[in-house]
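Next come two complexes built around subunit A: one with subunit B, the other with subunit C.
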Partner chain A sequence: MAETAVVPTRRRSWAGWRFIGPFMAVFALVFLAPIGYSIYLSLFKNRLIGGNSFVGLDNYRQALHDPNFWSALGRVSLFLVVQVPIMLFLALLVALAIDSGRLYGKSFFRVTVFLPYAVPAVVATLMWGFMYGSQFGLIGSINDSLGTAIPDPLQPSWILAAIGNIVTWEFVGYNMLIFYSALRTVPGSLYESAEIDGAGELRIIRSIKLPAIRGALVIATIFSIIGSFQLFNEPAILQNLAPNAITTYFTPNYYAYSLSFAGQQYNYSATVAIIMGVITMVIAYVVQLRGTKER
Partner chain B sequence: MATMTRRRLLAAAAATATALALGACGSDDDSTDGGGAASATVSTADVDAALQKGGALTVWAWEPTLKQVVAKFQEKYPAVKVNLVNAGTGNDQYTALQNAFAAGTGIPDVAQIEYFALPQFALGKSLADLNAFSAESLKDKYTPGPWNAVHSGKGIYGLPMDSGPMALFYNKELLDKHAIAVPTTWTEYLEAARKLHKADPKAYLGSDTGDAGFTTSMIWQAGGKPYQVNGTEVTINFADQGSAEFVKVWQQLISEKLLAPTNPWTDQWFQGMANGTIATLATGAWMPANLTSSAPGGSGKWRVAPLPQWQAGARASAENGGSSLAVTEKSQAKNLAYGFLRYANEGDGVQIRIDNGAFPATTAQLNSPEFLGKEFAYFGGQKANEIFAESARNVVPGWSYLPFQVYANSVFNDTVGKAYVSATPLADGLKAWQDQSAKYGTEQGFTVK
Partner chain C sequence: MVTTVRAPRRTPVRTPSRRRRDRPRGRKSVALTALTSLVVLYSLVPLAWLVINATKTQEGLFTSFGLWFDDGRFALWENLRTTVTYDDGIFLRWLGNTLLYVVAGAGGATLLAVLGGYGLAKFDFPGKRAVFAVVIGAVAVPGTALAVPTFLMFSKLGLTNTPWAVIIPSLICPFGLYLMWTYAAEAIPDELLEAARVDGAGEFRTFFRICVPLLAPGIVTTLLFSMVVTWNNYFLPLIMLKDPDWYPLILGLNAWNDQATTAGGQAVFNLVITGALLTILPLLAVFLLLQRYWQSGLAAGSVKQ
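The block that comes next holds the complex of A and B.
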């Protein structure tokens, strides 16, 4: 870098660097360096017999043919397609209800719905895990006392829905707040004129409120996509309760974790992490492009 | 800095010191120590000198009775300062240990390592070969199972700390109530399981949600040898007779839902044993202390019986769990570390640990009348150690774990676990486990057959 700067250029370019220098140094250290190191790791293979060797893109080739990786990706994609719309719809509904001004105890509702977000994900999952228990948990107690036969939420066919429920509970409030704050920026005069024009509440929502919070919707969607692809805490904690339902490759992140911590496949783990990073980036970018283009 | 160089010098001096002829007296006919053994031997005198001279020692272990051992050790050798660290139990500690080895820093001098995990660490050249201390001479001090377990090839990578010869723990009160006899074979066990669950739908004869250690121990007892290890050549085969015996009975227990779906080591599990919803537990002899502390409600109701057999009239047993203490290769105070190992696992430490509820691996204690005659209040005054000691003698020889068993166990629930929660047959689950383990082995450079 220094060599190229020796070439006589306008002095102005240096002043700029001085301002962003401190940021760039920290950015490079805590952001670029780990990524660079992961890429470096992903090009090697360290084996119990034979030691460390450079393998080029072998790890990437292996990952693309790894059924475990694809099943993990498929699982979070399904989660994304089902859970995110439900969560965002609920959040939107609550935000509109609170914003409508017809709700008594508005701030009470706002705080209550937001509260689960303040509970750490680990604690929330543990709490739900106890409730899900079909033997000793809440589900078990309900089945016992009412004679119902609610299926075990921690069995393999239900576990993803059970996790979706936890995540929805955690994040409805957070997304509601994003939507609600966007709604508050709509000038009141717009509503007044709409009323004068004879528009009903539904019409106002469709023609004024929804277009106004479009940006917030896109942002919330992108956050949710990233969140879904990075699903880790919930399965990692429920794994203790349902070891046979949550595999070591349940989500891509959990797979990367298991690879490095149970099998010492640090190199392959880094590869999986990088591929997931790229996929997440691409999808989030596409959503952003689409979301803003049609505006 | 100064202490480091001094310690390094000490270690170097000890390594080059002339060995006293200690190894010669205890040698057996089969000691053909061609390869593997270190060239220079450290004598007992060197170890004693290191203990007297003192220094600092970091020990990673989760075994609770080591606390008292460390206290007494420091009383005896005031110059030694032991830093006992609980870096997690089982896999958590192995993860931390592997990370330390990978990083090359923060490595303890001594680590507690379970028998099943020892080959993996030995292979990674992370542990010191104790042949350098003529550890082979301690052979007769230990029961064959654990002594075999600390070997990897010709190398000795730890000293046995405890052992887990298996027995059947059962709730006598519950079985008596339903007039069920204590099963002596696994076929009887299956019938008893049916009878109990029918009489009381809330009660199960046993609990199992898929546990790698338990499954391998069962196959071990049945005479199966799914793992054969010869250097870097590994054979994995769950299609042998022993595995088939296990599958035959266990598949029925699973399919008929006769096993409580309670995960081991949870509160519910201990509650189940205390309140009579889990009637038996087949596990290692280290269990009593856990029952006493975590399931006090079962006190007086429980008894111990020999492990049910796969062949009527046989007396086969297997080990379940048990761990060793090992010296790390990177330790700067190996002599001192070995001194601690001998104190804790062969010297005064053994009795201290027994007094606090541990089950030893040393023959002297296992055969002592005082040990065998101990009456357990939890088991209604039964002399349970007699049964455990008998079991230790009957452990089927020739078992070995994979040199990457830590990994293999981590994918057990991905594969065999499916049989517990879906229609997947247990045999298919074991085959999938075999394939997954073989795939990993091949990737890691082993020759897998």
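The block that comes next holds the complex of A and C.
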């Protein structure tokens, strides 16, 4: 990325700020100021007696001893290590299949698998929630007519898998397209020489295609990590259908939301949000370092 | 002038697809097509479910099989009519709000991203590295880390429960900035800018007269992505808006869905489903019509790294 940044012939001047200035001004208002305010909030506590007072890192200490916070973090971490690999692997398989040129009607595949990405998360969750649900759900209908015993996806032990399925459905096509776009940049001559050398399809995938889309894999992984840690919409919407399975601290984001808008604990909520922001940044950074190191 | 200088594209990376389109490599495979069809099935079944169930009455939803039509009644037209007239036509009000947020939010976001991306790509200025680091770092911060303080700040400014509370935060689309940056770096040759400067054209004149036409495909892509983000935004309006009159569609649908579980509320699942269908149709249509653009957009996001 940095290579586009500096062209030596160009004069260094303030002129560029006239173009980036408006973006940065709004950015400062809606990103930087709230982050700063969040950090400020996290250092204070609002008590009934004594009012607003500076407490240093007390809120952070409280969060690190908060079983609800750890439970939420554990849940999204489990989600991350199970759902993300499944989704990315599926996306990769479809991208490789479409790129192989062996499919009938490949543009049909590309478009239809991508379509769910255009469906808002709320609508996707409502749809899947209805299909999962006991009222007029598909699962019930299928169990009735086929005599199968698929468990209720909205019970506490299955709810995370149910959410994983919704998220996979929404994003498999998006990731597929990222991989597919990267695959198309591989020069055709590479394949030709590989074929002349007698390399089979699997060998080509392993030695040419996968290394070629490494950057895309890293980007998709980072986006998925951020997405998993910020999980909110799906559990928030399903909460109505599965009130017993989804607690107020189901995910860190949901916990922060409940803390401020149900509990009015703005200071503690900001603390939880900041801790999650730092964890997300650190993990995304490590993935990027590891992913780009062995080029 | 534009057409003559446009020819030397510096980086060929962007258009490799043209050189390598569908080389006849290997035979078509029925087995592979069948396997991949499973994923297509997975993608389409929920959408099919939505279409089928939009034709059912509230009772029909409970009595008929989910993936087939209700034998007794075909209530699609009735559902559509009820959806747009229910509660004094609040659905149309929500649609109008959504359009307002999309036009103002996504339109503004695109303008800022185009200007900013061009500035980053074609100028060297003090603080450029910092701009990049700050924008990338901020993307990783979770929505709630921003949402709660933004809400508190906006409520002090008296902006909550007004359209501004939704529009202003929508004006920033970091992905759009990144997209326009990479796009502008390749689509606008430095020589062209030099020539314009030698001719004595001002920076903004050069930008609007010469660069904007060259950037057009990138602009459409950015607009498309920021539209989707704004159209689908749930969290931000959820915390900012209390008055249902300012709800966007997404929030309204969820409110209808919640009616079933609130005391004294009337269950209107048929309206939720029909409304959901109406909500996603414009987006699906835009995506299908503008395929070329979102594909090039994602390609830009994945290839450069």
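A few remarks follow.
Everything below uses one rule, namely that the second predicted complex is superposed on the first by the 265 of 295 C-alpha atoms of A that agree within 3 Å, B and C clash if a C-alpha of one lies under 4 Å from a C-alpha of the other, contacts with A are read in each partner's own complex, and residues count from 1 in each chain.
One rule holds in what follows: contacts are C-beta pairs under 8 Å (C-beta built on N, C-alpha and C of every residue); 3 or more make two chains touch, one makes a residue touch a chain.
Owing to the predicted nature of the structure, the values given are computational and were not obtained by experimental measurement.
Of the two partner chains placed by superposition, subunit B and subunit C are both touched by A:261. Touched residues of subunit A were counted for both subunit B and subunit C, and C has more of them. In the superposition on chain A, contact is made by A:240 with both subunit B and subunit C. When the two complexes are overlaid on their common chain A, residue A:50 makes contact with subunit B while staying clear of subunit C.
Of the two partner chains, subunit B is the only one touched by A:156; subunit C is not. When the two complexes are overlaid on their common chain A, residue A:148 makes contact with neither subunit B nor subunit C. In the superposed model, A:281 lies in contact with subunit C only, and not with subunit B.
Common to the subunit B and subunit C contact sets on subunit A are residues 135-136, 240, 261, 266.
Within the complex formed with subunit A, the subunit B residues making contact are 91, 95, 98, 102, 120, 123-124, 209-210, 232, 261-263, 268, 271, 403-404, 406-407, 410-411, 413-414, 417-418, 420-422, 440, 443-446.
If you check the complex, the residues on subunit C that touch subunit A are 13, 16-17, 19-20, 22-30, 32-33, 35-37, 39-40, 42-44, 46-47, 49-50, 53, 61-62, 65-67, 112-113, 115-116, 118-129, 131-132, 134-135, 137-153, 168-169, 171-172, 177, 181-182, 185, 190, 203-204, 207, 228, 231-232, 234-235, 239, 250, 253-254, 257-258, 261, 269, 272-273, 276, 279-280, 283-284, 286-288, 291, 294-295, 298-299, 301-305. Remark: subunit A residues 47-50, 133, 135-136, 155-156, 240-241, 243-245, 247-249, 258, 261-266 touch subunit B in the complex.
The residues of subunit A lying in touch with subunit C in their complex are 1, 4-7, 9-24, 26-27, 29-35, 37-38, 41, 90, 94, 97-98, 100-105, 108-109, 111-116, 118-124, 126-128, 130-131, 135-138, 141, 145, 169, 172-174, 177-179, 181-182, 184-188, 191, 195, 201, 213, 215-216, 218-220, 226, 229-230, 232-233, 237, 240, 252-253, 256-257, 260-261, 266, 269-270, 272-274, 276-277, 280-281, 284, 292.
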